[in-house]
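Okay, structure first, notes after.
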Amino acid sequence: MSLTQKLINDGNAAVDEMLAGVIAAHPEHLWRPDNAPRAVIAKHGPRPGKVTLVVGGGSGHEPTFLGYVGKGLADAAAIGNVFASPPPQPAVDAALAANGGAGVLFLYGNYAGDVMNFDMAAELLEMEGVEARTVLTTDDIASAPRDQRGKRRGVAGNVFIFKAAGAAADMMLPLDEVERIARHANARTFTMGVALSSCSLPQTRRPSFDLPAGEMEIGMGIHGEPGVRRGPLRTANEVADEIMDAILAEMDAPRGARVAVLVNSLGATPLMELYILNARVAERLAAAGLTVHKTLVGPYCTSLDMAGASITIMHLDDELQRMIDHPCDCAMFRQG
Amino acid sequence: MSLTQKLINDGNAAVDEMLAGVIAAHPEHLWRPDNAPRAVIAKHGPRPGKVTLVVGGGSGHEPTFLGYVGKGLADAAAIGNVFASPPPQPAVDAALAANGGAGVLFLYGNYAGDVMNFDMAAELLEMEGVEARTVLTTDDIASAPRDQRGKRRGVAGNVFIFKAAGAAADMMLPLDEVERIARHANARTFTMGVALSSCSLPQTRRPSFDLPAGEMEIGMGIHGEPGVRRGPLRTANEVADEIMDAILAEMDAPRGARVAVLVNSLGATPLMELYILNARVAERLAAAGLTVHKTLVGPYCTSLDMAGASITIMHLDDELQRMIDHPCDCAMFRQG
Amino acid sequence: MEFTAEDAKGLFAAFAARMQAERDALCALDGVIGDADHGIAMEQGMNAAAEAAKTVEAGTLQDVFNAAAKAFLNAVGASSGPLYATAFLRAGKAAGARPSMTAGELRTVIVAMRDGIVQRGKAEPGQKTMLDAWAPAAQAAEAGADAEAIAAAARDGAEATRQMVATLGRAARLGDRSLGHPDPGAVSASMLVEEICRAMRG
Amino acid sequence: MEFTAEDAKGLFAAFAARMQAERDALCALDGVIGDADHGIAMEQGMNAAAEAAKTVEAGTLQDVFNAAAKAFLNAVGASSGPLYATAFLRAGKAAGARPSMTAGELRTVIVAMRDGIVQRGKAEPGQKTMLDAWAPAAQAAEAGADAEAIAAAARDGAEATRQMVATLGRAARLGDRSLGHPDPGAVSASMLVEEICRAMRG
């Protein structure tokens, strides 16, 4: 079988070359410590007395994670290989380079590898006298039943959850509060996605899984992990309905409640299709009596070159709305 | 042959459904006149005494064109069918809905269909007593030789050219000046792209052309028009070098000159690959003694679901730098 | 044989049916040297034109052509939109503000369409455009050729675009790579001419 | 037969060569129930481990294992990184701060690796993880089985993961859909055990 079509040089060098390109493109927003090439730090944002928000995970989800490093959002990101949690060292480097002295919050998606590596990083930081806490994002409602929320994966909802925690930290709230708000944001954020094609890793350039034309994978993870089931490819409205049915049932928001919406591309799906999905999402939310406070549409949390999309709904309250509205200035996400 | 994988409902309704989703997502930025569903107008921006900048063209290039409608950039966009110039009416509607009374500048890519339709629109506007001028973008250096600049296509360079003209209009410069700056921006903007896969139209869901695995099309247009040649798929550095060789030769900027850079996805190519390209672009510019003033990386001017990328370099001078740095606030592009 | 306003509506219905049938083939031709949408434009445009023509009540030939022109343009845009809209406006003028004409006068409609396309698109024969089907058809019509011969002239003209290097429109940037492939606009044009000639024969 | 620090370096070189050879196959296995990168992680990790081991000068067995552990972790991250880094640290402790041991003592290395994996990953047998290869291998080693039998125990353990429903790691969200597919981490583990057993036989 022929290799998948990619603009890369050496698959093993892809992450480091990407980071070089990111730093070259965004010198006003991002920098890297000399001896920590996999720690990306915000130029503005970190400051004395501020809780240090460190996000991170495997590469291949750009603009997640490094695109959300900046004033008002994350202070730093630890960058792993493609679809692989970073080892502890970059997480430690990131936390120390951005350390404001008010404690560190590690905020990242719930995956076995990430948990083990960030836990080791937290241990190393504690050894250096830096308080480190962890909040795991678990917004992928397709990845475990409702009563096992703690087992779920973190996917595109990261964007809203990071945003809320980043705003809390930027408001100089103490570590307890930033942690509480991160957990609160996670508890009210719900995502589900579908894949229309496989992604392929730059190192192998083979499809990660087989997905025949005419089929889709429902409940797809953001690493090409299989979802809940295969089914025939449906229309945008049918897909939006299936996802919205599941999210609305779980979210159980009263009429009149406000929400934030993210219609996300998994990589290869263009804006036209996302906005077609959003037209239906907006209809469904209106029918449920919910008010859309904010909508993001685009490639916010991707899976390399996978075709497909996810829908995230965050159930706002006054506090979360304030956090979501708070300004931020990142290389790949600006607001306010 | 099976249909390409897309999240759509009815191919013929795709553009209108997309627009519904855009308006639902961005009510703070965009609106449409009741009887002109294909005219998208900036909520903020248009105002008395201001030159009205109207962009437009076929759909399928999102966020071009409608994503660049907003304060500090375009006042309105006329939206065509997929890869098809809008007819004159939406262009007229767009111009009238955003009319500031200081004249209208139509700014769009140089394609036979767009020229005919916008020219008809300009005639209709003149009949209503509204002065309308036209500037065509011709940044695609692969589409005609250097001495036939006027025959070239307008592609991703649109982003910088629209930005410069939009800034000029936002500064309340008169129509002559806005037109001059648009032409000046176009003259100093150079783009070339490669395709790694075909796109497919929502109406047919067939690949627009055949591109065997292992090959790429060099000098690809943004509608799947064939480029200058086929060749084996090369590495990111080789692709960047081929494009940069061509652009640098044409641009002929003295050492010490400043440039703006856009590394653009044609739709399906993710950020990782774009940033890998940018790492090489930055190296090449540094080697040529040029200073990168600003870099944009992402899907800015796409061709539906085509895989591939283009590189645009704008050769700045003080005036263009001011225009490029001017703040803007569009649904899909914010700055300053 | 008469060609009435009702027949004109029928002609647009025939255009629409033909373009619907040929849509994917025309898109495939356009995909080779253009942007793969010509069949879509022609189908949408002719559907809209036929719809609009149908709703003209007790109108003249010109009314029908005018309604079709406007509908085609607004449904399509693209290159085909202004070209065919202008062609239909000219055709309507030629057919005139009268309820009917002889079927033979459809020759003047073909000529007028050619003229409208030239007026709008400024093409010359040999540039590998739809004009390379309309021009020989119009020449044959001007010479009084029969329906068969006019249709054949359009078909041969379309076929001859294979050997042309495009110098106008989207394919103009291709250089020699456009050689060997027919122009989609010329191919669809020859089909439209065929439909007109069918109407001429009654 | 002695197993020296140089032999330990050779063992890591053998791990690296084996993972390089099996990379794509392991990725394909991971693609079915995980994220398709297990072969990459193991190849990169073992390459780094072998490189780091090679540069240990006049060190003890423990020095070699420690260097490999650190290098593996930093090259890989992922799930495999902490699991194998911890396993190698425990293995180094078992092998000891001495220049060599008997080849038969590689049995304690296998047992220590299992313990390290359990310590770090908190898995239990039957959850469809690499532990399902390491645990039977360690049990056989503890019982004093010969190299052949230990390797067979690991292989059988890996094969048995086919019939398990994953409850840990990436595949845990698959439910019954993980049935019928072996766990990639268990398969690579059985390969590593094979390489250790080859070293045991000399």
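We call the chains A, B, C and D, going by the order they appear; numbering starts again at 1 in every chain.
One rule holds in what follows: contacts are C-beta pairs under 8 Å (C-beta built on N, C-alpha and C of every residue); 3 or more make two chains touch, one makes a residue touch a chain.
This structure is a prediction, so every number in the text was calculated from the model and none was measured.
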Labels of chains that are neighbours to subunit A and to subunit B: none
Report back the single chain whose CA centre is most distant from the CA centre of subunit A. C
Distance from the CA centroid of subunit A to that of subunit D, rounded to the nearest Å? 31
Could you grab the centroid distance between subunit B and subunit D? Build each centroid from C-alpha atoms only and quote it in angstrom. 53
Measuring from the mean C-alpha position of subunit C to the mean C-alpha position of subunit D, what distance in angstrom results? 72
Out of subunit D, which residues touch more than one other chain, so two or more? none
Which subunit B residues touch at least two other chains? none
If we use the touch criterion from the header, which chain pairs count as touching? A-B, A-D, B-C
Contact footprint of subunit A on subunit D as seen in their complex: 23-24, 27-28, 31-37, 39-41, 44, 73-83, 120-121, 168-174, 177
With touch defined as at the start, can you tell me which subunit B residues reach subunit A in the complex? 2-9, 14-15, 17-22, 24-26, 59-60, 62-63, 67, 194, 196-197, 202, 213-214, 216, 233, 235-237, 239, 261, 263, 267-282, 292, 295-299, 302, 304-305, 307-309, 332, 334-335
For subunit B, which residues are in contact with subunit C within the complex? 12, 58, 80-89, 111-113, 116-117, 120, 142-144, 151-153, 201, 203-204, 206-209, 221, 223-226
